[in-house]
Structures are given as C-alpha cells and as structure tokens.
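Shared between the two complexes below is subunit A, which has subunit B as its partner in the first and subunit C in the second.
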Partner chain A sequence: MALGTLELTPATSPPASGPKKRRTSLGGVLIWIVLTLLIIAPVMCFILLAVSPRIFSQGSQWFTFTFIRQAFAGYSGRAIFNSFWVATVVSLFAVAIATTIAWLVHRTNILGRRFWTIAMWLLLMMPTWMMTLGWTDLLQPFGAAKALGINTHFIYGEFFGPTGIIVVLIAAALPFAYFVVSAGLQGLGPEYEDAARIHGAGWRRTFQTILPIIAPAILSAFAISFAETLSDFGVAFTLGYHSHFPLATYTLFSAISNFPANFSVAAVIAAVLILMVIPPILLQSRVMRSRSYAVLSGRTRAPRRREFRPLARIVATLGVAFVFFVTLGVPILGAVVGSFVENLGIFSTTGIHWTLTYYSQVFHPNISGKALGAPLLLSNQLGFFVATGTGVLAVILARRLIASPGSWSQRITDIFLLGSVAIPGVVLGVGYIFFYNLPFITNNVANIYKTLPLLMLALIANAVPGQTRFMAGPVSQIQPSLAEAARVHGASRFRAWSATSLPLMSRVLLWGWLLTFTKTLSELAISQILYPPSQEPAPVAIQSYLSGFESGTGTAMTVLMLLEMLGVIVIALAIYRVATPKGWRRIGWTGAQT
Partner chain B sequence: MSTKGAGVSLDRLSKEFGEKLALNEVSLEVEPGSFLVLLGPSGSGKTTLLRCLAGIERPSSGSISIDGRLVVGGKTFVAPDKRHLAMVFQDYALWPHLTVRKNVAFPLASTALAKSDREKRCDDLLERVGIGHLADRYPNQLSGGEQQRVALARALAADVGLILFDEPLSNLDADRREQLRIEIATLTREAGATAVYITHDQSEAFALADQIGVLNHGRLIQLDTPENIYAKPTNSFVARFTGVAGEFPVDVVRATAAGHHEVVLPFASGHVLRASTSNGALPDGKVSLFVRSVGVSLSAPANDEGIGGVIRDVAFNGHGYDHVVDVGDGFSLTKIFSNLRFDRGRNVKVCFEPSSCFVMDASREVPAT
Partner chain C sequence: MNLHLSKKSGLRKRVALVALAGTTASLSFVISATAGAGAASNPGFALYAAEGYDTAAAKAFNATHPGFTVTVNDNSTGPLLEQIQAEGNNPKWGVLWADGSAAFAQLDNEGYLVKHSVPNVKFNALGKENVPADDSFTPTGLTVTGALCYDSSQVSASQLPSTWAQLTDSKYKGMIGMNDPSQSGPTYPMIAGVMDEVGHYKKGSTASAVAAGETFYKNLYSNGIVVNSTNGPTITAMESDSIQMATIQSSACYGAELTSYPTMRVKYLNYSIALPSVIGIDAKASPVVRADAQKFVNWVMSPAGQHVMQTGDPTGDSLFWPVINGEKPANSIIPSLASTHAISLDPYVWGPPEAKINAWFDANIANDGL
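Right after this comes the complex of A and B.
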C-alpha cells in the first residue's frame, strides 16, 4: 500500500483504488525525480563513459566494448575478483560476529552491555583510512608498538596482505551488521524464545530457532556489510596498495588519477561494483517476500535475558572485549600513541621521543592557514544538514521499501538502494562533476558546480542508501494497526504519524542521524573531489597533513576529530534522554518485565 | 454519555484485492443505536467490510453512509479521522510508548474538552472497565484482558456514534472473553452508540447482537435477528455455521402445511420426520435435512417414540452432558444435550423436534464466488 506516496504513514494512506493510484504515481514520480538528481543521473553519466566515452568528450568512440574487456583483464580484473571474494568473506565474518555480539548484549547478562554498544558506535564512526593509519602506526618498524615495548615484527608481514585487509574490513563492516541485527533483536518479543524453551530447546537450539526469525535482519546485515566492503576506499588505497593486493575501488581511483586518465575503465569497474551487490539483495528479498516481521506493537513484551553463570559471564565478556580490542583498541592505540611520538617509524639510537607538539600544531600550524578550527566547523555544519536531510529522505524511502513487500516497485527500489550503497564515494564525486557541470543542468536546473550545496547533495546521496536500509528493519516492525487506530480515533495523517510512528521510530531516527553526522564528518573521497576552493572540510585538511611531512599533526587532528564525534554522540543522547517523554525511551527497553 | 447512535448504510459495497473479490455487493442497513454482529469464517470478508467502514480500506465500488452522511461513494472518500467513529482492534493496537491513561485520552485531544475534563473522563472510563489502578502503566505491563479493556475504554472515550469491533475477544481466554463480552455489550449500549462487531464465533454473535449478518465469500448471506438466524436459516451455510447436530440427505414425501414437509430419514428405514423449510419450495427427490441439537432429545430404549441409536461419546459440560449418537448407516448426531448421562455404547431412543429440523435444497443456493 501507499507505494508511491510521500506520506510517512502508509497505514494511514487511502487504500488502492482509482484516485489513490493517481496519488501513488505522483508520489512515486517525485521520489524518483529526487533520486535521479541525487544518484541516478550523476552515476549514469559516469557509467555511460564505459561504452560511450565520446558523449562527454572523453574519447572518440560513440559506442564500444573495448573498456569492458580492458577492465576485466590483468590488474583491474584481478582487483575485481579480489574485491568480490574479500567482500564475501568479510560479510560472513562480520555478520556472524555481529549477531553473536548483538545477542550477548541484548539477550544476556554479560558485563558492560551499554559500554559495548558505545564501543560499536566508536567503531562505526572510525573511517577506514584512520583504522589503517592506526594499524600502520602501531605495527610499522619502530612504530607505536615498539614505543610501548612490544615486538610486532612477526605480525607485520601478515598484516600487509589479504589477512590485514580482511581484519580491518571486518572491523569496518561489524557495526553496520551489529546495528541492523540489534534492531531486529530488540523488536522481537520473547514469545518465540519462550515457545522454543517450553518445547524442550536448550539455549543453543533456541538461538538456532530465533535465528531464522530474524533472518531478514541478518540478511540485511549481510547485504549492507557486503556493499559497504565493496565500496570501501580507505583500505584499498592504503593497505591494498602497499601490500600489492589490488581491490576494485583502488584500481578505479588509479584509472581516474593516473595520467592519462582512463575514465571509461573506471566507469566499467564502477558498474561491476554495483552489479555485484545484486545476488545478496535477491537472497534477502526472497526471504522478505514470504514472511512478515511486524513484531513491534503494544503487545510486544520485553525479552528476558539469559543469566550466565559467573564463569561463563566473564568468558563471554572477555570474548566481546577481545573483538573490540582487535577492531577498535588496536587502531586507536596506534593512532593515539602515534600522535605523541616524535620519531615514529624512524630508527633512533636515542629511543622514543614523546611530544605534545602535534597537538599544539593542530591549532597553531606550521603551514599557514591549515588550522583545524575552520575545517572542523565547516564539517560540523555539513554534518548537521546532511544528517537531517538524509534522515527525512531515508524515512520516506524506508517506508516505500516496506510498504508493499514483494512487489516489483519495492524490489526495484530495494535493489537500487543497495546497489547505491555499493557506489564508491569517488564514483559519486566524479559523477557529480560530470553531471552538474553539463551546460543543460547549469543553465536550466541548478548552477551549483563548485559550491557547498553540491558537496552537501553528494554527501546526502552517499548517505541515503545506507541510511534507508538501516531504518528499513526497525520501521517494518511497527504494526500498521497502531497508525490505523490513531486515524480511526480522530487523528489527522500528520498527528497519526507524529503521535504513534515518530515516537516508535525516535530512537532509530536519533541513531541514524548520529550515524550520518559522524560518517559525514570523516568522509574523505567526495569531500576531496567536490570541496569548493578555500573551503576545505576537516578530512581534507587532515589528509593534507597525513600525506605530507606533517603526519603527526594529521594523526593528532584525527584523534581530536574522533573525540569531537564522541562528544556529539554523548550530548545528543543526553538531550534525547532529557527532552523526550519516558514512553519514547521505553521502546526496545529490556527492563519492562511483568 | 450523551451519544446518539449513528445509522449505517451500505449499498452494493465491493472490494477487490487484485484478482480476489473480498466483498461482493454487500448492502445492509444498521439502525441507530443497534448492535450488529457480522458473523463469518476466515476469508468471508467481514474484516474487509469493517476496515471499509473505518476508512482504513477504500472499497472498489459501492457506497457507505454513516449517520446519513455519505463517507464513501463516487468520488467521495472521507478520511478515517473525519468519520467520527471508534474501533477496538483484534491486536488491541495500543501505543507502546504511551501510558494507559494517555492511550485512552488520545481520541479526546481533538475535542474541545478542557484538560482536566479529559483526565476525569479517562479516569472514569478506566474505572468503568475495571482498570483504574493501571492508569500509569504501559501496555506491555498489562495482561491481554487488561490491554483489551484499555482498547475498549479508548473506543468509548470519544463518545462517538459508531464503534467498530474487530474480533476483540479472539485473543483472550474463555473466562475473560465472557467477562469482557458482557462489558462490551453493557457499555456500548449505555453509551448509546451503534456497534458493528465482527466475529467467527456464533455463540458470541448470538449473545451480543440485535442483528446478525452472516457473510461467506464476500457475500452477505442473511441479515436477521439472532432468533431468526437460528430458527429460520435461509441457507445451508447459515444453518451449518450457526451450529447443527447433524446433516443428512433425505427424500421429501410431501408438503404438509406452509413451510413444512415430511421427509424420509436415510438411517431409519421407513421413519418419516416432519421438518420446516425456509428457502422456498422443495423439488422432488433428495434434499438436505439439518438438525439443531436443541431439537433432539434422548430417552431410554424402552421409549416407544423415536429412532434407535447408540451412544458413541459423552462429555460433561458443567450443567449436563453432551452426547454423540450413532443413528445407523454411518450417520451420527453431535452435541445432543441431556441432564442424564448415557454411557458410551448404550442404546438410546432419539426424538426430533420438528421446529429444529430444516430441509433445504442446497443445489438451488447461489454458489459462492
């Protein structure tokens, strides 16, 4: 129902009939116009270059398959294959680990449950370029580990290869999978667990029984992990390049940045990346088609936690702690230590020299006009507007996704959005350069080339697909009858949405907003390509330090930016706690036992 | 409570879901202040009809008027919040983030009542449904019965002319069903509101209704008082769905008086039984005989009257015994009540009350779509 409407409450929209169909088409058209301007047109412009380079004056052929052959041959062909199998392995591990942690945090009495969720957020907001920076700072000869008196020589060789790439990418994909599965677990009432237990299942079998029930959440987690891993640029650019293990996003980047640039081969790789996410999407939609998982309602009771015995509790807690130590602790340790060591990576007979110089240089730089203040302020402004705009659009799209499960429209939207998750930022950035610099667009639609609004639109376009999928699971759990009851009892469409759906979605909306905000703050690829002259966002400013001779200052800036992100999350959660009614915060609350 | 019930009129209401015709030209009138129960099995269209009335579903064709005002028909479609009605949902549809009091107060927000009056009204209603002490709890802290009481209080809060009930008792245990059924009947009638209530439970329908509409495959089969539905079913489906002790193919001997026929029972050779008919003249040859359990009595085998049978099963029901009786040739009668217990395997005599026996020609009924 309400497939094409712009309403946020499908349950309150008029059902199908003549007049409704007209509204549906109008809503659908509006949505697709927005998506076309945001994603489809810029990306298609770029991808068209794969077979028709002349269309944007990038070659002489109007139509050719030459570049497809080139892309699948040699180095770039190996990169595409590597990306596929690495993304598959990473997603499987990420979903398995994330599901286990989500279950331990939400359904057992392990220690530090709140802390682990915060740790997952820290992991989520860490850009992969910073993760690899931390690992490199730590493991390199005469690096941070050496400064701490630890010999890591034996790991070094392993880390700079597929193993290290997979470990870092699992760490990057873990939070995506975790939050999707957590949302499914939190909305799942205890009835299924109770039924399994009553019918003789032990804890293991109960877990196996519940697992298929939250299969859509798990498959969503797999799909989003797969897509995020495929589109990651930070690891490919650093670890992949240094360990001679090519990944598709790096070969795409090098095809664009090498001289002469080969935009057409890059376009083929971009298309392949998008096509590769279709199999997991089909698998997920196949499961979604046959089942309804609308489980969040007034009748949903809070689940009981499994009470581990003391020893098992400590073992489980240590297991989770180990995962976070490897994924989060090690890179942070590397980066933080690296930001305090003056002669990092340099052999010295006088030992390690600790310093605060880099932090001093963050606000009093050696390079004129390169202080962090103005770029960080700009990134915060961008983050606010991008997160807000993305949130609105993502809610609308998430409702479209769940409004009519199994329909062609839903499947197309679903495949399109997940395909869009896999679009690397660099592709989107280049696509925006092409599309929004076309004379037709600058003269008739919007003349925003080389402006902040263009950067903002690109960042929204980059965030919307992932954010929509992030919200689709929780949104699908709200029983339609809740909004129907509001309408029947005199509430207008807006009031039905604001009084029933909004409170139930508020926590997800908040986390979604924070997710987009933090990711925007640290986004590099699009910012690097589209920032207007003399208006550098923070990641671009930091990168200019990291890639130059001031890497210590860049690392210190990165640490400060992480602290700022953490501060924003803490403040936002505090505001939510103070400003919202108690009932809003009860959704998914696990203490409600009767 | 000052509500005056709203009359409801449905004219040739149809609803299609793709290829499936969920409602097929249903027309009916509901008197203001009356209690209509729509009775039917799963898939009969009763929920669709209720949702069309509520405005949650838009009919494919036909019209609906509530209190004389056209709410659906032609290009008119009045939104649910403008129809001035209330609804009790099967799954309660209580908002989990609102306390019981706030759930009940929700419909009052759009009224002109002062805040203090709203709170007083909520508290009064909660007291009336017996959960005044739970006002500050959240829905997931309540039992199923308590949640449904909240839903009932919410429906009564707005003081509307029409209240819809979507199988509100189906998720409750027998004891709570009975209690809540009585409260629904009492409070709705006290409020003066018109009620449209759907259920698949015939005993619930008979207990609550001023009128019952029996639906099957999207068609309204019969609309009548509970007494007439039971005593004069116009259709074999209605007879079956409202409870029969047995159904047998019989031969018509002759018509004896208006609406009565003599038929030959298949299991008691030569035994002629008088039965009524309510769906017109009967053809020669085979027709169907439906027997209500209330019209069958058991007696000792020495009794001169009746046909012979053997007790297959007996069950105590609290105030007497329900029996299953084999009457020969593979035929049996179920739920035959007696104050006396007849043990399994015992021979009995079975007597039929003609007013509880109907003969119908099912072959002439309109086939279900």
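Right after this comes the complex of A and C.
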C-alpha cells in the first residue's frame, strides 16, 4: 500500500450507522487552495489553450476544436497511440516482474533480500535520462562496452528502437510496481498459501491462488506504472526521437519548442495524457466493487518464508540479480566507464585511451563560467527545501486521503493525484509561466516568476502527487487510537503526532525525503523552463554539455551527481541511525520496505 | 550503560545542532533569493541567450559596468522563444541573443523588439546585409550553416560533392546527415536557404521556391539522408561511421575538429547560408531596462565585447566570423569568409513560413514519412 491506488483500509473503528453529515473543514479548504495554486491553476491555464488560444493571446480563436483534430492527426496522433500501447505493455511487464521479485524477496529465502530492497530504492531514484545516457554510452559503436572488450554491435540496432524504449521504461516503472505489490503481499497472511498447499497445490497453483487475492495491489501497481510511463520525457526525447518512434511527450515538447510555438496542440496532448489514466482507475474500482478483498485484520499472522533448496535458491537469486544488473547496473556501468574513455564513440586506430580529463573539466571547463560547483550547490539547496516541503504536504494530503475511504472525496482526490502523476514536467513548467506571470497575479498576489521560490513551488508540485500516494499506505496502517490515547493523556496535537505516528513512520519519511531530494537534484524539464537567470541548477548545466560537443564532460558530471546522491543517502541514513532512538529504528519501518 | 546513553544523547544533540545550523543556512539562502527579486531601484535585466559565450559576456560586462546587473537565462533557442511567447505581454527578458534572424524578424513583426537599436559601428559587407531596415536587431557575429563537414579518415576530399545538387547522387546514398529543424536552431535557415536557391526566389510568394525545395529534400530522403536532432548527435553519427558527411553549422565542425574529432574537416559547396548571431531588445520592457539593454548591446559590439565573444567558448560558438571591420576570427582554423560562398536570406520573407516548413520536414523527412 505505497504508491498506487489501493484499498486504503485504515484501522479505524467501523463508521457509525446512519446518514453522515457533510462538513467542510477549514483545513480541507486550505489544502485545496494550496493544491489549486500548486497544480490545478497552472495546469488548467495550459489545458485551456486546447480550445481557447486567445485567452492567453496565443491565437485568434476564443473557442475552437481545430487543435484537437490537429493533435490526433499524422505524426502527433501516431505518438499518442504509441504512448498508449507502450505504457500498457510496459505496465504489464513491470507488474509481472515486480510481483515475481516481491514474492521472492518477501516470501522466500533468496539471498540478499535487504540488498534487493535497497537496490529497488536506488532504481526508483534514478531518472530515465541518466539510464538512457548510460545505455547509450555503453552500447554505441566504439562505446564503453567496446572499451571493455565486449562486442555489442548485434544489440545496438535493437536497443535504439521500441525494444530499448520498452526496456528502459520497464526499468523506470519497476520500483513503483514493486513497492505497491510488496505492500499487498506483506498484508497477506500465510493461511491462504497454506490452504492451497493443503489441497495439493504446487508452487505455481499456489501463486495462482494468491494472485487474485492481491488483485487490488496488482491493479494499483498497473495504474501507477501506466501513469509514470505516460508522463516520461527522458526516454521519449532521447531513444524515442532517435529511433523515429514518436511518443506523446516528445510531440508535446516539439509543438512548443517550434517557432511560433503551438501551445494549443501541446495542451490537447497534455489533456489526453491526463485522461488516459482514468480507465485503469475505473477498472480497479470496478474490480474492487465486485467482491471483497479485505484480508488485513488484527489476526493477520506474519508470513512464512518458502525455503528454497540450495540450487533453486541460487538460481532465484541470480534471476533477481540479473534484473537489477540490466536495469541499474548496465546504465551505471555505461556512464562510469564512458566518463573515463577519451573520445567515447569515435573510431581510433590506436585503440582505447583512458583519461581523467573530463573530471578535470568538471571544475575547469572549456566554456567560461560553466563549472559544476555552483549549480550543484544550488540544486542541493533546492533539493533540501523541495523534499522537506513535499514531505510535509504529502503527509497532510495522505491523512486526508485515507480519512474517508470509498467516498467520492477520496475517489476524486485519488484520480486527481494519479492524473497529476501523468502530467509531464514541461506542461507544469509552461503552465507556471502562464499562471504566475499573469499581470493580475504579479501585481496582486505574488511577483515570483523567474525566482527560486517559484521554481521550488513547481518542483514541489511535481513531487507531491507521487509522494502523497507513497505516504498513503503507511499512514493508513497507523491506528488512530494511538494518537487518541496520547490526546486523552493531555498531549497537544503535535505532541500526540510526534509521539505516536512519527516514530512509526520515521523511516518511510526519511526515504520519502531522500526520494524527492534525489529526484529534485536530477529534475530537468521544469528547471530548464523556470530557473532564475544566472542561477542554473545542476541538471541544466549538465544538459548544456551533453547536448554539445562536450559530452565526455557532461557524462563525468552525471557520474559525480550520482555519487553525490549516493553520498547524501548514506549520510542521511547515518544521521538517522545516530540521531533517532532505537525504538524508532525498530518500528519505523512501517511502509518503508513496502 | 548510563555513560553510553549519555554519550549517545550528546551525539544526538550535536547532530541536532548541525541539522539546525544547516536549516538556518538554507533558510538564509531562500530569504536572500526572495529578497533579491526586484528589490533594487534598478534591477538590471535578464539576458535570454543561446550562445556559448553568453555567461562570459554578462560576467565581463557586469565587472565593468557597476550600477545594475545582467543575469543570464542560458538555454537553447527553442526553450527561450517558448518562454518569450508564454510570457506574452508581461515579459521578463530584457535582451534576446541567439543564432538566426528568422525568429527575430517575426518578433519584430509582432512588436516585440525595440527599433533603431543597432549600435553605430562599421559593419563589413555581410554584416551590413544582415542589419534589418528598421534596425530592430543587431548581427553580432557570423557562422554559416550548410557547411559540408566530413570525416577525412573515411572520405577523401576528392570523393566529396562540390554542389548541393550532387548530394542527391546515388554514390552518396546513405552517407549524408543533417539536423532536424524543429530541434536545431541553425537548421531551418539552412533549409530555407536551399529553398531560396533551388527555387530561384526573387520576391513575392515563396510557394514555388518552397515546392522546389521540398522536391530537393524528398530526393535527399530517397538517397538515404539521415536526420538527427542537433549538431551533437549528427557529429556522433559521423564519429561512429553511421554517416560520412553532414550539412550542418560551420562552428560545430570546427569545434569538433579542435576537441574530440581531429579528423573532422569542412568543405563548402557552391553556396552556404549565412547565419548571424543576433541580439535584440525587448520593446515591452520598462524604459530603464531598455536603456540598460542598449548599453549592453553597445558593449557587445565594442572591441571589449567582441573579445569576450571570441574567447568565451573557444571550441564552440566563439568560432565565428566577425561582422565588424577590422576584427579577425579567433582561430586560424577558420578560413576566409569568401571561401564559404555564403548567401544571406531575407528573414522577413523566410521567417513567417518557418512553422509550416518545419512541420512538413518533420512529417516527410525527419520521421520516415509518417
């Protein structure tokens, strides 16, 4: 119960019978005002252009359907279709692989179970543009693989096409699906497996028995994978473009990067991407309504692990290791090796030459005033505030999300959050220009366009939907009676929360913070549009090298940024270990492993 | 045990203090970031620029002109124009500086640019050709697009074509690459220049010239031309032997030759297309900003400004031909401008059809006729 739309079953007492009185709380209104300022208003400003370009002086029509027809015609229409089927295929594979790994990690005795969970976190934190860069560095002719003496010529053509796109997108969607399915599996006691096995079922039949029981988690994993894949831009811009396989996020970008920009066609594509996530949610709701899936109870026992025989244990471990090697190891290997090879990708009669030049150029660049130091420092500062702000808002939203399970309010919030996941960063960025640069806003509300605070708000808006869904699971598992007991004993509201919920959620809060921090550090689409002049964040600085003739320096910068991310994770975990009471560390895993 | 707990508690306190100090430092960062926005009586202006030397130029200017500060939004041309259009009538830019005058002509037509902003300097012949009649933007330097860059380790000079028409010859099938105009700023001027030449455009409607140009590019497509997004990937394709030559921007080829690709060479066909780097001032900015912006433009065209342009990005955008009499190119790798057979386009004629031509190219050439 982590990231997806799940059966949120808070351990509350049953609702009182009789009609419920509707009430509008000040907190609820405030939250929707915040969400409006962060997400709804900027995105709606952008979407409105689909039918009314004149509203923001981007055309002559007050109301037209012309751009809807344009968006579905030719190249752009093909891209929308491609995005739909690719997202479907990717989600199916991601869920299947994630379910298998989750079962192996949580229900069997494979080796390195904790390591695989941490590896899944690292995979979650890695942006797709870094994955693509690593794969490209590795597989390109005269690339990193060649430097290591491996001939990858046979796979090069295959990778730079739909196959490569699907592989990278599966790698990106895998952790989202994994954490959702893991939660479902962990809430499932061993009795169902026992019952199946008592009736003579083998492991395959047992697996088939369990799968329908965790159907909500699987459907939820599918929905979140689908939304994440739809909104991905890194793969669409790199692999998709170069293999002439258009995806919707690329054609959206292309429509607005042309001159004059066609914001209206881009708005139609954005609206289509958001609407596409509704069917998976409706499917899930329909399945959920058809019968009861409630398996969590106070009597749920800890699951028993299946003990593999030694050979099977090694085979299963190697299988999981292979998945992580392909998804995480290969791109990191490609980028790291690539950053040490002189003139990567160029045929040389004298063979491969190893060099440290690119690392030297990181701090003494060829282009005047383009060193990585200041941008990286700025990105870290941004990451700190964005991760903290997102964490606070996500916890508040998650608490509201689970406060009224099954209600329309929850369903609307749920759809809103998942729809927001499907919004590409570029839409949010341009939407922020339209909204926060309106004369009414700059003169009467806040004149913050092209300032760091606005960039922070946009980055928080980008992170909040995913983070809220991430928090919803752990929050729903906390008994409200704990806080009630603290209140009865005279604790203030904050004291009650910090003494009961905080210890239980401490580790998931930490990982959530790290997730947003690292994602902010590598976020490109929004930063490129909204960064204040002369205050370039690190991804923008790196991109200017990667897109020019200094790709070696750009790759070295990327590797350093990856190292920095890893360093921050290690330091944060060390601080957590030192600074928190032992009890927190013992019980603070609620939701973090799941 | 108690001692252990006490030590641990002390450690926790220290960690908490460090965290508090970090938070305070970070908060001061936000407060200063917010306070900086528009607090001064003369806030300076934002330079929206897509030149490799733009940051160096702003830094040098700020160092010698106290009183206001030029800040830089350094991006590709596409995102900059996208931001300018989204900002609409409430612009936040003071000066735009990018390669290619077609977009500037359109901005001028829509009233975005201050007229008569060209500094009083002595332009050379190609410089003069690229100054618009209403002086609404200033050419600051010149590269050419449509230079034939080739890998001398794969193709000898004698095997190369000499004219654009020869590029469609079957002996060059699958050997030639170019960029996508919707991704690469210098590519639309090249396509427009080819249309202008093969269609023998004189004046009036561009329709017949566009049709002739489309036929030419369809022939190139049939001959297996490979389209990549920008200069970087196109040169990478040459490096990896996927293609042997490409019609791209001259500075990209010279930059590659000077850095990672020593076997790169450049040949100029029967014509290439002059691509001025252009600077213009926001007409909708406040009078204070416009005055500051004009000082910056004047400085860019001064010897000091030209020097920074020639040294700020020595293996990239600094490899241009100056448009001011008496200024020489920064690097001896750059041949005489006459050898490029550069032609100048009228941006007011070829600016308006840009979106339509790019859309046609994307649908019919760049994406396999989708």
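Everything below uses one rule, namely that the second predicted complex is superposed on the first by the 493 of 594 C-alpha atoms of A that agree within 3 Å, B and C clash if a C-alpha of one lies under 4 Å from a C-alpha of the other, contacts with A are read in each partner's own complex, and residues count from 1 in each chain.
The rule is simple: contacts are C-beta pairs under 8 Å (C-beta built on N, C-alpha and C of every residue); 3 or more make two chains touch, one makes a residue touch a chain.
Since this is a predicted model, take the numbers as computed values, not measurements.
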item: First, second, both or neither for A:29, with subunit B first and subunit C second; value: neither
item: First (subunit B), second (subunit C), both or neither touched by A:437; value: second
item: Of subunit C and subunit B, partner touching more subunit A residues; value: C
item: Partner chain(s) touched by A:487 [first = subunit B, second = subunit C, both, neither]; value: first
item: Contacts of A:579 with subunit B and subunit C, given as first, second, both or neither; value: second
item: Subunit C-facing residues of subunit A, complex; value: 56-58, 74-75, 78, 140-142, 241-242, 244, 246, 254, 256-263, 343, 345-347, 366-370, 381, 384-385, 430, 433-434, 437-439, 442, 447-453, 456, 528-529, 531-536, 540, 544, 546-552, 575, 578-579
item: Contacting residues of subunit B [partner subunit A, same complex]; value: 54-60, 75, 77, 79-81, 83-87, 89, 91-99, 102-103, 106-107, 109-110, 138-144, 147, 154-155, 158, 164
item: Subunit A-facing residues of subunit C, complex; value: 8, 11-12, 15-16, 19, 22, 26, 29-30, 33-34, 36-38, 46-48, 52-53, 55-56, 58-59, 71-76, 78-79, 81-83, 85-90, 92, 102-103, 106, 153, 182-183, 228-233, 235-236, 239-242, 252, 255-256, 259-261, 311-316, 354-355, 358-359, 362-363, 366-368, 370
item: Partner subunit B, residues of subunit A touching it in the complex; value: 11-12, 14-17, 19-20, 296-302, 479, 481-482, 484-493, 495-496, 499-500, 503-504, 581, 583-584, 586-587, 592, 594
